[in-house]
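Scrolling down, you'll hit the structures one after another.
What follows is chain A paired twice: with chain B in the first complex and chain C in the second.
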Partner chain A sequence: MNMRINKQTGEWLEREKQINFTYEGKKFTAYEGDTITSALWASGEKVLGRSFKYHRPRGVLSLANHDINVMLTDGVDTNIRGDVITVKEGMSLTAVNTLGGVKKDNLRYIGKLLSPFLVVGFYYKAFFRPRFMFPFWENIIRHGAGLGKVNFNYPRIPKPKLNEHYDVLVVGAGPSGLAAALAASLDKQLKILIVDENKQAGGSLGYDRAGSVTPQSQLEELLSEVNITPNITLRTDAYAGAYYTDHLIPIIEFSGITKVRTKTLIIATGVFEQPPVFRNNDLPGVMNGSAAQRMIYRYGIKPFNDGVVFTANDYGYRVALDLIHAGTNVKAVVDLRKTPVSSILTRELANHDIRIYSGHCVYEALATSDDMAVKGVVICPFDEETNQADSEQSFTIECDGVAMSAGWASAAALLYQSGMKVKYDYTIEQFIPDSLPNGIFAAGKVNGVYDFDQRIADGARAAAEAMRYMGMDNAPVITVQAHSNVSPSHSFPVVPHPKGKNFVDFDEDIQAKDFINAAKEGFDNIELMKRFTTVGMGPSQGKHSNMNAIRILARIRELPVEKIGSTTSRPFFHPTPIGHLGGRNFHPVRQSSIQSWHADAGAVFVDVGAWSRPAYYQKPGVDLAEIIQQESMAVHNAVGIIDGSSLGKIEVCGPDAAQFLEKFFTGKFADQKVGEIRYALSIDESAVVADDGIVSRVKDELFYITIGTSNAAMVYREMQRWLQMWQLDVGLINVTGSYGIINVVGPKAVHVVSSLTQDPLVSKLTAGKVGETIISEVPVRIMCVTFVSNIGYEIHVPADSMLAVWEKLIKAGTAYDIRPFGTDTQRLLRLEMGHYLPAYDTDGLTIPYELGCESELAMDKPFFVGQRSLKILAKKTLKKRLVPFVLADNFSGQMPEDCNLVIENGEIKGRVTSISYSSKVDRVIGFAYVDPNKVEAGSQFEIRTDNGSMVKATVVNTPFFNSKKEF
Partner chain B sequence: MSMMKSTPVAYFQKNLNPKWGEVNGTQVAMSFDTPEIEQQRKKNLGVTDVSCRQRFGVKGPKANQWLATQNIKTPDSINSWVLDNDVLVLRLGSSEFLIEQQVSGDVCKQLNQVSQTAAVGVYKVLRADAAFVISGDQILTMFSELCKLDLSAEALKPNQLIMTQVADISATIVSEITNGQLVIRLWCDGTYGAYMWRVLHQLAEELGGGAVGLTNC
Partner chain C sequence: MKLLKCPINGTRPISEFVYGGTYRDMPDHEIVTDSEWASYVHYRDNAPGLKKEWWYHGPSGTWFIAERNTLTDEVKDTYLFNKLVEQESVK
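Showing the complex of A and B:
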C-alpha cells in the first residue's frame, strides 16, 4: 500500500531521484532523502523489526532515533538505525535479532509462550545450578536476545578527529537555538557554531504545524537569516555526543569527530516525546504524535488511513490536525484529562467533525490476527485521581494507527554531564535546569519554555547571558515569561492493565509491572531500579523511557517526582562508532638516526618504550634463538656493535651540579673526578627503584648522565621537579635525541675504535673512564663501560653524524668480524654479566635492598631522595631478594619463563624476572626473586613452569661465565 | 674531507625519488617534482623538510644577556620569536633560546664554536631537530587534526610561539603570514622526525598537496 502523499513544503526528499533497495529479500523503491524507515512505511511495510527480549513485531515509535525499533543489517554493517539513516542505492537490508526473518521470526514464541517466566531480572536468579549448565543457558540467551551480530570482517575505516574552536557553540537548531545564534551574531567578532543531529535544521518547527503553514514560514525566516550571517556556521547531521571539562564537546558526523572547544555553550536540544503506557502500545501502527508529524512533513507520508489520537496534553490536538492535513481519517481524539483543553484547537477539530473523548484512555490497542498491525483500540473512561480505567464501559474503535501524545522529557544529557543541578517544575511536569556551570546556558524546551515567542526570546536571553559571561557587559537583559498554559506533559500517563504488555522501555521490553516487581524486591532507588530492570540501559539510553520510569517509581514509593531524581547518561549519550573514537590512530615512534642502516642490514625491530629498536639482525636459514646465541658469541669472542641511541641522556650543568646529583641519586658524586664515570641509582620518596644509569663527569660543572630507555622521560621530569624545589644553580638539558650512542664491545673493540682516531685516549681509556675526542672528524664523548662485556666503548655522537661514524666503525671492524646485535642479544649479554635491568628485573614496588645493592646507597650523605624511607625499610624484614641462578646442566624439561613463580612449600616466594639459555655459560641462566634465606651461592629453589611442572634452580655468583667452574 | 650528514627525515623520503642536494654539509631533498607541480602542492598544502638548517641552542639564567653580547636580537617576551637578518630567534622560555639560520649566513656556525659551558650561567644545547615548513590553503584543516590548539591568525598574537603536541608528540610551532599565505614552521625532536614526516606527508597528500623540496620552499 502506498502511503506517500503530495509533496510537502519543506520536506526532506528529492522526489526526482529514485533509489532501489531490498528489505528482508523484497524489493522497494524510495526517494533520495528517505530514511530506511520512511521508505518502508511509505511502501506500506509496517513490521520493521523485532523487540529485544519477546521478539514482538515493531514499527515506528519516534522516527527520530529515540528508540531502536528499526535496527538493520546491511552486508558487513549492522545495527543501522533505520529511523535516521538515509536509504542508499543497492542496500540489502534485514532486521536484526530474528530467526527466520522479521515476519516469521521463530523466536516470536518467546513472547507468546514464555513471557510469564521471563520477568525482569529472571536471568539474575535462574540458570546458576547446576553450574556446569550455565554455559549452555548463556549461549541460548545470547542467541535469543540481542542486537545485530558484529561482523569482524568490517573494514577499518580511519576517520579523522579534528579540533575546532568557537566562542559560542549552540547545540540544537530549533527555534531557540537559531534565535540564540542570531542574537550572539550581532557581535561580529564572535565565532558561532550551531550543530543539529537532524539532516536539516529547524527542530519541531519543521513538523509541528497543527495543519498550518505558519511554522514553516517562521522557520524559513529564521534559517534565511542564519544563512546570510557570516559569523554563524550551521552544521546539520552532526550531534554533540558528550560534554567534557572546559567546554570540550565532541561533534559526531559521518566523516568523523570534531572536538569543539568553546568559550560558551548554549544547549537548545529540546525534548524527547514520551509515549503513554498502555497495553500493546508497541504494536506496529502505534507511534508518538511527533513521529507521525515527522512522517508527514519530512517525508510526505500519511502515517495511517484510519487513526486515533491518544493524548494527555494539548499537543495531541495539534497532531490530530496534522493527521487530517495528511489525509488520515482521524476517528477520535482520546484525552486522558478531564479538564478542557485549548479552545482554539478543539474548535478546529470540531470543524473537522472529530470526536473528542475527554477523561478517557486507550485501554489497549488490538492486534490483527497475525499480530503485525493495529486493527483497533479499546477506549475506557479514565479516572486521573485513582489512575483507574473503567473497563466495564469500554468500547472499540477500529483503526490502523494510533498517535500518542503524553508529554516530554528534557534532552538534557549534555547538561547533566556538565554538572547541572535540576529541579522539577510542576507547571510543566518536567525536570529543568536549576543551576548551570559557568559558561553553559540552556534555552527553549529543555529549559522549560514551550511557547514559540518565548522560545525565541529564551534563545536570545541565553545568547545575551553568554555574551555577558565573555565580558560583553552591554549585552541586553531579556526577560522570558514563565509558562502559563496547561502543562505540556501529563503527570502520570500510565494505564494499568491486568494482562500487562504495556511497555515503558521499548529497547528492553520493560513493562509497567516490571517496576512494581523490582520495587517489591527492594530495588526502589532510581539507580538500583535502572540496573535491575535495565530501564534506560538499552541503545536508546532512556530517551523514550526514563521519565515514565521515574514517574512510576515515584508513584510506587508515594514520593514526589523530584525526590526520585534522575540518572545521568554517560558520554557518549548517543551511539558513536568505535572507528570514530579510534580516529586515525597516530602512533608516534622514535627512531635512531641510523634506522636506515639497521633496516638495510635486515634488522627486525621491536618497540622499546617509544623507540623502535633492532631486536636482532636476520640471517637466512637461522632461527631467532640461534641468531641471539651467534650475536652473543661474536661479542664474547671478537667484537659486536649495537645502536644504544634510545638511552636517555641528560646534561647537568652549573656550579651546583654535583650537589644536585648527590641529592637526586643514592650515590656520591661531589668527589667524582673529571674523566670518571660512576653508577647511579635513583629511587623515589618511598624508596622504590626508579631507574639506574651512568654519571660521567665531563667537566667540573658538567655531568653527562645516561639512563634507561623506558624511564628517560620520567627521570628527566623528576629532575626538573626536584630542581624547582631545591632551587639550585643548575641547568638541565635533555639531549636524548641530540646524541646517538654506538656501543662497540668485545675483546677486539679497542682495535676497532682506535683505528679511527690518532688520539691515544682510546687505547688508554680503562673501565670507568670518560673522555672527549674526535673520531673521523666528529667530536664525540667516549666512555669505557662494562655493561654487556668486560671490554666496551660507548661512543656518544651528535645524531646527524652518527651514520658516518657507524659506517666507519663497521668498516674498521670487518677485519675483526664485527657483528651488529640487537636488544634481544643485549639482554642476554647483560644477564651473562650479572647486571639487573630496572623495569625488567624490578617492578613498581622493588626497593634497593631486594636487589642487594646496598653498596650503592650512600646512607652517610645528609640527604638524598628516598633516604628517609630506606632508613625505615632497613628495620623491616625483607621478604624477597633478587638472585642469579642456573638450571641443571643439560636441562631439557619445560623451560621456565619470565614471571613464572618461585614456590616453596606451596607458597609463592618470588618470580623469575629474566631467563635465557647462554651458549657462553652453556646453561640456562636467569634472575629470580626468592626467599631472602636462599641468596647464598649453592642455595636451591623451585620454579613452577607454565605446564605446572616444578624446575629446580641453583643460586650462583655473577658474572655467570666467571662462575662456570662452580656449577 | 668532511663527512656528509643526513637529516632525520632524508631516508624516509627515498621512496619519493627526490633530487638530493647538500646544504650545510647535510644531504637534503632539493625537489620532488617539477617546480610547477611543487608550486601547486604548495598552494594546497606543501611540506618541506628544513632540518638541514643550522641551529644553535642555549639556555641558562644568563643566556639572554650572553646572546646580546653576541649581537643576537632576542624577543622581549617568552614564547615569541623574532626574525633579524635572516636569523630566526625563538624564545622557548625565560632562559632558553633556539636560533636558526634561515637560508645563508654563518651566525649559528659561529655560535656553535663556543664550548658547552660558554659562560657562567650559559649552557649550550646541542640541537638535533627535525624541522618542517608547511604552507597552503589547507594548512588549518591539516592542523585541526594534528593539534588541539587554534592556530588561525586571529587566535594568535603577533610573533607568538607555541609549544604543544602535534600528532601526539611535543613540537614547537611558529605561524606567520608570508605573501598573504599562512605558513607554519614546526620543530620536533629529530628522533620523531621520520614519524612526523610520514604524518605530515600523508595528510598533505590527502588534502591535495604533498612533498615540496627545499628549492621550492
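Showing the complex of A and C:
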C-alpha cells in the first residue's frame, strides 16, 4: 500500500529522481533522499527487521538514527542502518539475523515458544556447566542471537584521517545550536563549525510542527542567516563521535574521520524520545511520536491510516495534529495524565473531533493474526499514583498504528564522556548538566530548555560563555528563563501487564519484568543491572532505553531517580565502521646508510629497537643454524665484517665533559688519555644496570660514546636530564644518524684495514686505542674493540660516505674470504668471548654485583648515579650470580633455552639468559644466573628444560674458547 | 588526545612527550641514612594532587617540569628546571 503523501515543505526528497532497489528479493522504488527505512515504509512494508533475541518482527521505533532493529546487508557491507543510509540505485538488501527471510524467520519460535524460559541472566546460568558443553551452546547462541555476518573478503578502502582546528565547535544544528553559532559569529575572528548527524540541519524545528507552518519558516530564517555568515561552517551528515581530552572530537562522515581540535565546545544535541512501556509496544506500526513526525515532514509519508496517539506529555497532542495534517485518521488521543494541561492544543484537537481519553493508558497493542502488524489497541483507565491499569474497564480501538509520546532523555553522551556532573530537574523530569568541564557548554533541550524562544536564548548564552572563556570579557550576559510549562517528560510511563512483552530496550529485547528479576537477584545498582540485563549494551547504547531503565530501577529500590545515576555511553556515539578507525600500516624503521647493499647480499633483516638490521646473510641450500656457525667461524679463522651503524653515538664536549661522564657512568674518565677507549657501565639511581658502552677520548674536551642499539634513546635522554640538574658546562650531541660503523673483526682484520691507508696509526693501533685518520679521502675514527673477537676494528665513518669505505673493505678482504655477518652471529661471537649484553643477560632488577663486574665500579669517586644505592646493596647477601657455563661434550637431548630455570633441590636459583651451540668451542655454551656459591669454574648446576628433563651444566672461565682445555 | 605545553616549543600533542616521573629532590648522599636514601629512590607519594613532574619533549630533546594535578589531569604550569632551582633557592 502506498503511504506517500504530497510534497511537504522542507522535505528531504528529490521527487524527480526515482530509485529502484530490492529488499528480501522484492522490487521497490524510492525517491532520491529516501533512507532504506523510509522507502520501505512508503511502500507499505512494515516488517523491516527481526529483534536480537526473540526474533520478533520490528518496524520503525525512533527514526532518529538509532533504530538498531533495522539492519541490513547488501552482501558486502553488513549492519547497514536502515534509518540512516539512503537508498541507492540497484541496491539488493536483506535483513540481518534471520533464518529464512525477515517474514518467515524460523528463529521467531524462540520468541514464541521459548521466551518464558529465556529469563534475564538465562545464558549466564544455563550454559556454564558442564564446562565442556559450553562451546556447543555458544555456537548455537551465536548463530541465533546476533547481528550481521562479517564479510572476510571485504575490500581494503583507505580512509585518511583529517585534522581541523576551530575556536567553537557546535554539535547539533537545531535551533539552539544554530543560535549559538550565530551569536559567536558576531566576533569575526572566531572560526566556527557546526556539525549535525542528520542529512539536513534544523533538528526538531524541521518536523515538530503541530500542523503549523511557523516552525519551518523559523528554521528557514535561521538557516539563511547561517549560510551568509562567512565564519560559520555547517556540516551535515557528520556526527561528533566522542569526546577526548583537551577538546578533541572525531567528526565522522561517510568518507572518514576528521579530528577536530576546538578551543570551546557547545553541545546542542537535544534529546532522544523515550517510548512508554506497554505490552507489544514493539509491534511494527507502534512508533515514537517524533518518528511519525520525521516520517511526515522529511520523507512525505503518512505513518499509518488509522492511528492512536498514546501520550504522557503535551507533545502527543502536537503529534496528533501532524498526523491529521498527513491524512491519518486519528481515532483517539490516550493521555496517561488525569488532566491534560495545554488548553490550546486540546481545543485544536477538539476542532478536529478527536476523542481524548485522559487518565487512560494503552494497556496493550494487539497484533494481526500473522503477528506482523498492529490491528488495534486495548485502552483502559490508569491511576498515575498507584501505577495501576484498570483492565476490567478496558475497551478496544481498531487501528494500524500507534504514536507514542512519553518523554525525553538528554542526548548527553559527549557531555558524560567529558566529565559532566549531572542533576535531576523535577520540573522537566530529566537529567541536565550540573557542572561542565572548562570550555564545554550545553544549550537547548540537552540543557533542559524546551521553549523555542528560550532555546534560541540558551544558544546565545552558551556562545557568550564560550567567548568569555576565550577571554572576550565584553561578551553579553544573557539570562534564560526557567521552564514554566508542564513537564515534557512523564516520571513513570510504564504500564504493567501480567503477560509482559512490554519492552524497555529494543536492541536487546529487555522487558520490564527483567529489571524486577535482576533486582531480586541482587543486581540493583545501575551499573550491575546494565551488565546483567544488558540494557543499553546494544548498538544504540541505551539511546531509547536508558531513562526508562533508570526510572524502573528507582521505583524498585524506592529511591529518587537522581540517586540511581546514569551509565556513561562509550565512544563511538553511533556505530562507526571499523574501517574508519583503522590506520595506515605506518611503522617507521631506521636503516643503515648501506641497507640496500645488505639486501643485495641476501641479508635477512630483523628489528632491533628502532632499527632494521641484517640478522644473517642467506646462502642457498644452507640452513640458518649452519649459516650462523659458518659466519662465526669466518671471524675466528680469517675475517668478518658487520654493519654496526645502529649503535647509539653521543658526543660529550666542553670543559666539564670528563666530570659529567664520571658522574653519569660507574667508571673513571678524568684520567683517560686522548686516544684511549674505556668501557662504560650505566646504572640507574636504584643501581639497576641500564646499559653499557664504549667511551673514546678523541680530544681533551671531546668524548665520543657508543651505546647499545635499543637503549640509546633512553640513555641519551637520561644524560640530558642529569646535565640539567648538574648544570655542568657540557654539550651533548646525539650523532647516532651522522655516523655509520663498520666493524672488521678476526685475525686477518689488520691486513684488510691497513691495506686501505698508508697511515701508520692503523697498523700500530692496539686494543683499547682510538685514532682519527683518512680512508680513501673520508675522515674516520677508528678504534680497536675486542667485543666479538680478540682482534677487531670499529671504523666510524660519516654516514653518507659509508658505502664507499664498506665496498673498499669488502674488496680488500676478498683475498681473505671476508664474510659479512649479522646480529645473530654477533650474539654468538660475543657469547664465545664471554661478554654479557645488558637487556639480554640482565633484566629490570639486575645489579652490577650479580654480573660480577665490581672492577667497573669506581666506588672511590665522590659521586656517580646509583653509587649510594650500591653502597647499601654491597652490605646485602647476593641472591644470584651470572656465570658462563658449558653443557657436556656431545650433549644430545632436550636443548635448554633462554629463560629455562636453574633448579637446585627443588628451588629456583636462577635462569638461563643466553645459550647456543658454538662450532669454535664445539660445545653448547651460555650464561645463566646461579646460586652465588656456584661461581667457581668447575661448579655444576642443573637446568630444567621445556620437557621437564634436568640438564647438567658446568661453570667455566671466559673466553670460552681459551678455557676449552679445562673441560 | 592530550596537549602539553613545552616551555620551549609551545603546545604540542602528548605523543611527542615522554613522562619522566615525579620530580624528587635528591638528599645529600653523604649524610643520609640508608633507609632515607632507599625511600628517596623507591618511595613515591601516589596520593592524587598537584605534582611536579619531569616531562621530555622528544623531537627537541627538552626536559622540563610540569606542575600537574593528578586528580583532575590539569597542567597548571610548565617551566625549565632552572626555574625550579630559583624557586627553591628563594625559599
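Following the convention adopted for this analysis, the second predicted complex is superposed on the first by the 829 of 967 C-alpha atoms of A that agree within 3 Å, B and C clash if a C-alpha of one lies under 4 Å from a C-alpha of the other, contacts with A are read in each partner's own complex, and residues count from 1 in each chain.
In this section, contacts are C-beta pairs under 8 Å (C-beta built on N, C-alpha and C of every residue); 3 or more make two chains touch, one makes a residue touch a chain.
Predicted, not measured: the structure shown is a model, and the values here were computed from it.
J.: Report for A:132: first if it touches chain B alone, second if chain C alone, otherwise both or neither.
T.: neither
J.: Is A:717 in contact with chain B, with chain C, with both, or with neither (first, second, both, neither)?
T.: A:717 contacts chain C only, not chain B.
J.: Looking at A:725 after the superposition, I want to know if it touches chain B, chain C, both of them or none. Which is it: first, second, both, neither?
T.: In the superposition, A:725 contacts chain C only.
J.: Considering only the touch criterion stated at the top, classify A:733 as touching first (chain B), second (chain C), both, or neither.
T.: first
J.: On the A-aligned overlay, A:152 touches which partner chain: chain B = first, chain C = second, or both, or neither?
T.: neither
J.: Using the superposition on chain A described above, determine whether A:588 touches chain B (first), chain C (second), both, or neither.
T.: Touch partner of A:588: chain B, not chain C.
J.: Looking at A:869 after the superposition, I want to know if it touches chain B, chain C, both of them or none. Which is it: first, second, both, neither?
T.: second
J.: Tell me which partner touches more residues of chain A in the superposed arrangement, chain B or chain C.
T.: Touching more residues of chain A than the other partner does is B.
J.: So, A:686: does it touch chain B (first), chain C (second), both, or neither?
T.: The answer is second: A:686 touches chain C but not chain B.
J.: What part of chain A is shared between its chain B contacts and its chain C contacts?
T.: The answer is residues 261 of chain A.
J.: In their shared complex, at which residues does chain A touch chain B?
T.: Residues 160-165, 258-259, 261, 584, 586, 588-593, 595-596, 611, 645, 651, 653-654, 698-699, 701-702, 729, 731, 733, 735-739, 776-778, 798-801, 803-804 of chain A touch chain B in their complex.
J.: Applying the document's contact rule, which stretches of chain C touch chain A when the two form their complex?
T.: The contact residues of chain C facing chain A are 1-3, 18, 20, 29, 32, 34, 37-38, 41-42, 54, 56, 61, 63, 73, 80-82.
J.: Which residues of chain A touch chain C in the complex?
T.: It comes out as residues 244-246, 248, 261, 685-686, 716-717, 720-721, 724-725, 727, 734, 863, 867-869, 871-872.
J.: Could you pull out which chain B residues touch chain A in their complex?
T.: Within the complex, chain B contacts chain A at residues 2-8, 11, 26, 59-61, 116-117, 121, 123, 125-128, 141, 144-145, 147-150, 152, 155, 167-169, 189-195, 199.
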